[in-house]
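As written, the chains take the letters A, B and C, and residue 1 is the first residue of each chain.
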Amino acid sequence: MNFGEVTLGHYLALSLLLFLIGLAGVILRRSLLVVMMSLELLLNAANLALVAVGKFHGLPDPQVAVFFVITVAAAEVALGLAILVAIFRIKRTTAVDQMASLRF
Amino acid sequence: MRWVVRSIVRFASGTASNRKSSQRMEPFFFWVLAVGLVASAIGLVVFRNPVTCAVCLVVTLVMEAALFVTLEAFFLAVVQVIVYAGAVMVLFLFVIMLLDVKEEARQSLPWAKVIWVVGIGGGAVIGVPRIASVFPGAGQALHWGEGKGGTSAAELGRLLFSSYGPLFLATGVLLLVATIGVVVLCRKDPEA
Amino acid sequence: MIAYAPYLILLLPLLAAVSIRLFLYPFPRISVSVSTLACLGSFMGSMALLFWGSSLGQGIVPALPWIEWGGFRANFGILGDPLARGMAALVSGVAFLVHLYSIGYLEKDPCRSRFFAELSLFVFSMLGIVLADNLISMFIFWELVGLSSYLLIGFWVERPAAGAAANKAFLVNRIGDFGFILGILGAWALFGSVTFADLPGRAAASSPGWAVTAVGLGLFCGCLGKSAQFPLHVWLPDSMEGPTPVSSLLHAATMVVAGVYMLVRVLPILEMSQATMMTIAWIGGWMTLLPALLACQQNDIKRILAYSTLSEIAYMVMAVGLGVAGPAMYHLTTHAFFKCLLFLAAGSVIHGCHDEQDIWKMGGLGKRMPFTAFVTILGTLALCGIPPLSGFWSKDAIFAATAHHPGLAAVSMGAGFFTSFFMLRMILVAFGGEPKNDAARHAHEGSIFLTAPMALLAVLTLVGGLLPVESYLHFQHPEAHETWTLWISLLVALAGFVPAYFLYRQATKDPISIPVLREKFYVDEIYQRVFVSPQDAFARLTDAFEGWVVRGFLVRGSGVVARASGQGLRLVQCGQVQIYAAVFILGVFLLLGWLWRQG
C-alpha cells in the first residue's frame, strides 16, 4: 500500500483541525468540565504543531517547549478543577451559562 | 498484517533508515492515527455524558502520543501518556465522580451554535489545507532516521537543566503555587 | 533713621485700623481712643512736616525701592513738596476733628469699633494719595480710598438703601478708575516714567498731540469718578446714606477733592493739550451750575449739601482746566473747612432731631440750637463767597481766572446765585419759623464732642482766607486782575438771597415745584434705561445661555450621552463567557485574515 508522502503540511493541517474541534467544544458545550477538556485539545493541537516543526528543522528545542506546555497544562487543570469544585459547591451546577453573576 | 507487525518492530528498533519514504510505514501510521485523533476529538465535543467525553479525551491523548512517536519524539510520547493520559485524566475523572455530574440537558436547537458549527466546519474544510500549505516548507516530506533533531531523553534532559534551567525552576514554582491554590480553593469553610 | 520718620504719618492710622480689627474690636472705648490718637499723631506729624519740611528741601524723605522691572521703575516714596505737605496737614487735621465729632455722634452705636477702624483705614489711604510720589502708588491708595468709602457709606449694614448707595459709589468709581489706569499706562508709555518729579521734564518731550490728549482725558476720568463730576456724579448724593461724619469727611472735605489734587499733580501732562484743558474747564464750568439748580428743589438737608459740594468741586476742576492750580488748591482748602463745618452742623441738626433729615419737618431750630444755627450761617456765608470769610478769597481767585472766558464766568457766577438761593432756603426752612413736629420741638445741642470740632472749624472758616497759602501753593493773590469779576460775582451771590428770603420766610411747604430739578434731571432714570436695563437684559441672556446651553446641554448633555452609551453597551455584556470567547476568537480570525492579506 502506498499512502504517499507525509509532509509537514499534513501535520500542521491535522493540528489546525484538532484546534478547531477544540474551539468548537470550548464555545458550544455547556458543561464546564467538557469545556476544560476541550481546552486540553487546544493545547495538544499546539503541541503537535511544535513537535512537527521541531522534527522538520531537526531541532530539540520545540520538544522542550512542549514539555513545559504539558507541565503548565497540568497546573491549569488542577486549578481550573479546583475553581470548578468551588463554584459547584455554591451553584450546584457546572453549566457555563448559569455562571453569569457578574452580568448587570 | 505481517508487514504491519514487522514494520512496527523495525520502526521501534530504529533500523528503518535507508528505505524510500513511499515504502515506509510512517504515512500509514500517520493516516490511521490522524483519523482516529479527529474522530475521538469530535467524540469529545459531541457526546453528552462527561464520562464518555473523558474517555474520548484519553483516546485523543494516547493517539497524539503515538503521533509523537512517528515524529521520533519518544520521550515526549512517554510523558504525554504518563502525565496527560495518566495524572490529568485521573484528576478529571475524580472531579466527575466527586460532583456526580449528570448528562447535559438536551437543549432546543440554538441557532448561534449552529452558525458556529457551520462556520467552523466550513472554514476547516476550505481553509485548513490552504492555511497549512502557507507555512514555509509545508510541502516538503519529513525525513526519518537521519539521526538529526536529537530526541533522546538524555539530550532533552541536558537542555532542560542547562539552557532552560531557569524556566525549569520557574515551572517548579508554578506547580507549587498551583498546589497551594488548589488547597486554598477547595477548603470547605474559608473562615475556619 | 530720622529721615524715615514721615512714614509714621502713614503708618499710625494703618496700625490703628489693623489693631482695632484684629484685637480691639470688642472694646469700643479703647478702639475709639486708639483711632483718634493715631489720627492726632498723623496730624502732629503732618504739621511738623509742614513747618520744618521746607528747610529740608525737595526729596526730604528717602524713597523705598518698590517695583523695578525692565525699564519700569516705581518707588514707594513720600513727596515733600509744599503742596503735599499742606494737603497732608489739611487732611489729617480735618480728619482729626471729624474723629472727635464721631465720638459724640456715634456714642450709642454698638458697632463704633468697626466705624473707627474704617475711618482709620480711610485716613491712611487718603494720606497715601496725598503723599504718593508716583502715579502707581497713588492709584493703589486711590483704590483703597474707594474701598474705605464703600465700607463707610455702607456702615449701617441693616439699611438696604445704604448698601445700594455703597454699591453705586463703588461701581461708578470703577468706571472712572478704569479711565484713570488707562491714563497712567498711557503716561508711562509716552513719558517713560510715572514719578511726579519726572513729569514736568519728560512731558516737554515731543509726543503726538492726540496721544497726550488721550492720556490727559484718561487721567481726568479718574477725577470724574472720585470727584463726582458729570457724567459720574450720580453716586455722591446717594452716598449721603452713610453716617454724617463720613459725609463730612469723605464726601465733602477730603476724599472727593482727591480728584482735584490728582489733576494738580499731573498738570504738566494736562497742560500739553489745549483740548484736554478746555474739556476739563467746560465740564467744571457747567458742573458748577447744574447741581446748584438741583439743590434748589431738594428736601434732604444732607443732599442739599451734597449738591453744593458737587458745585464747589466743579469750581476747582474749572480752575485746573484754566491752568490756575493755586486757586484750585486754595478753594479746596477753604472748602474743606466750611463744607466740613456745614456737614457737621447738619449732623448736629439730624442728631438733635432724632435722625430726621427732611428740612420741611424741622423748623424753629434757631432758637433751640443757637450754636448750630450760628455756625451754619457762618458756613453758608463762606460758601456763598461773602467777604471776609474764607470762601470769598478762594472763590474770588477762581473768578479772576475766568476773566478772559466770559462763558465760563457766566455759568460759574450764575451758579453763585443759585448757591445763595438754596442755602438761604435751607436755613430759613430748617432754623426759622415754627417747629413742624415733636422731634424738632425738643431738639437740643449735642455734647462737647459735637460742638468743639464745629467751633474749631468755624474759626478756620473765619480766618481761612488769611492763611499764608500763597507761600506753599506758589501763587499770588490776583492783584492786577480786573476787579469786575469780584464785584459782579459778589452782587450775583447777594442777589440770590433776595428771592429765597421772600419765598421761604414763612413757608411751611415748598411754594415752587419744578419736577425736572427735583428728579435730578432724570439722570438716574436715563442711566437706568441706557446702562442698567440693557445690562440686566444681557445678564438674563447670559444666565439663560448658562442655564440652557452650558448647564443643560453641555454639562447635563454629556452626562446623558455617557449614561445612554453605558446603557447601550451594557446590553453587550451578556455574562455568557462562551460568547465572549466566540467574539474573541472571531477577532483573532479577522486579525489573522487581515495580516495574511497584508502579506
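Just so we're on the same page, a residue touches a chain if its C-beta (ideal position, glycine included) is under 8 Å from a C-beta of that chain, and two chains touch if they have at least 3 such contacts.
These numbers come from a predicted model, not from an experiment.
Visitor: If you tally the C-beta contacts, which comes out ahead, A-C or A-B?
Guide: A-B
Visitor: Which chain has its C-alpha centroid at the greatest distance from the C-alpha centroid of chain B?
Guide: That would be chain C.
Visitor: Go ahead and note the Å separation of the Cα centroids belonging to chain B and chain C.
Guide: Between these chains, centre-to-centre, one finds 99 Å.
Visitor: Which whole number of Å gives the spacing of the CA centres of chain A and chain C?
Guide: Using C-alpha averages as centres, the distance is 91 Å.
Visitor: Taking each chain's centre as the mean position of its Cα atoms, how many Å separate chain A from chain B?
Guide: So the centroids are 8 Å from each other.
Visitor: List, in ascending order, every residue of chain A touching at least 2 other chains.
Guide: If we look for residues of chain A contacting two or more partner chains, we find 23, 27-28.
Visitor: Which chain C residues touch at least two other chains?
Guide: Correct list: 582.
Visitor: Of all residues in chain B, which are in touch with two or more distinct other chains?
Guide: 116
Visitor: Using the touch definition from the top, list the residues of chain A that touch chain C in their complex.
Guide: It is residues 23, 26-28, 35, 96-97, 99-104 of chain A that touch chain C.
Visitor: Which of the residues in chain C end up touching chain A in this complex?
Guide: Checking each residue of chain C against chain A gives 570, 573-578, 581-582, 585.
Visitor: Quick one: which bits of chain A touch chain B in the complex? Just the residue numbers, please.
Guide: Result: residues 1-14, 16-18, 20-25, 27-31, 33-34, 36-38, 40-41, 44, 47-48, 51-52, 54-61, 63-64, 66-68, 70-79, 81-86, 88, 94-95 of chain A touch chain B.
Visitor: Please give the residue numbers of chain B that touch chain A in the complex, ascending.
Guide: 21-22, 26-28, 30-31, 34, 37-38, 41-42, 44-45, 50, 53-54, 57, 60-61, 64, 67-68, 71-73, 75-76, 79-80, 83-84, 87-88, 91-92, 95-96, 98-99, 101, 104-105, 107, 113, 116-117, 120, 123-124, 128-129, 131-133, 135, 137-142, 146, 148-151, 155-156, 159-160, 164, 167, 171, 174-175, 177-179, 181-182, 185-186
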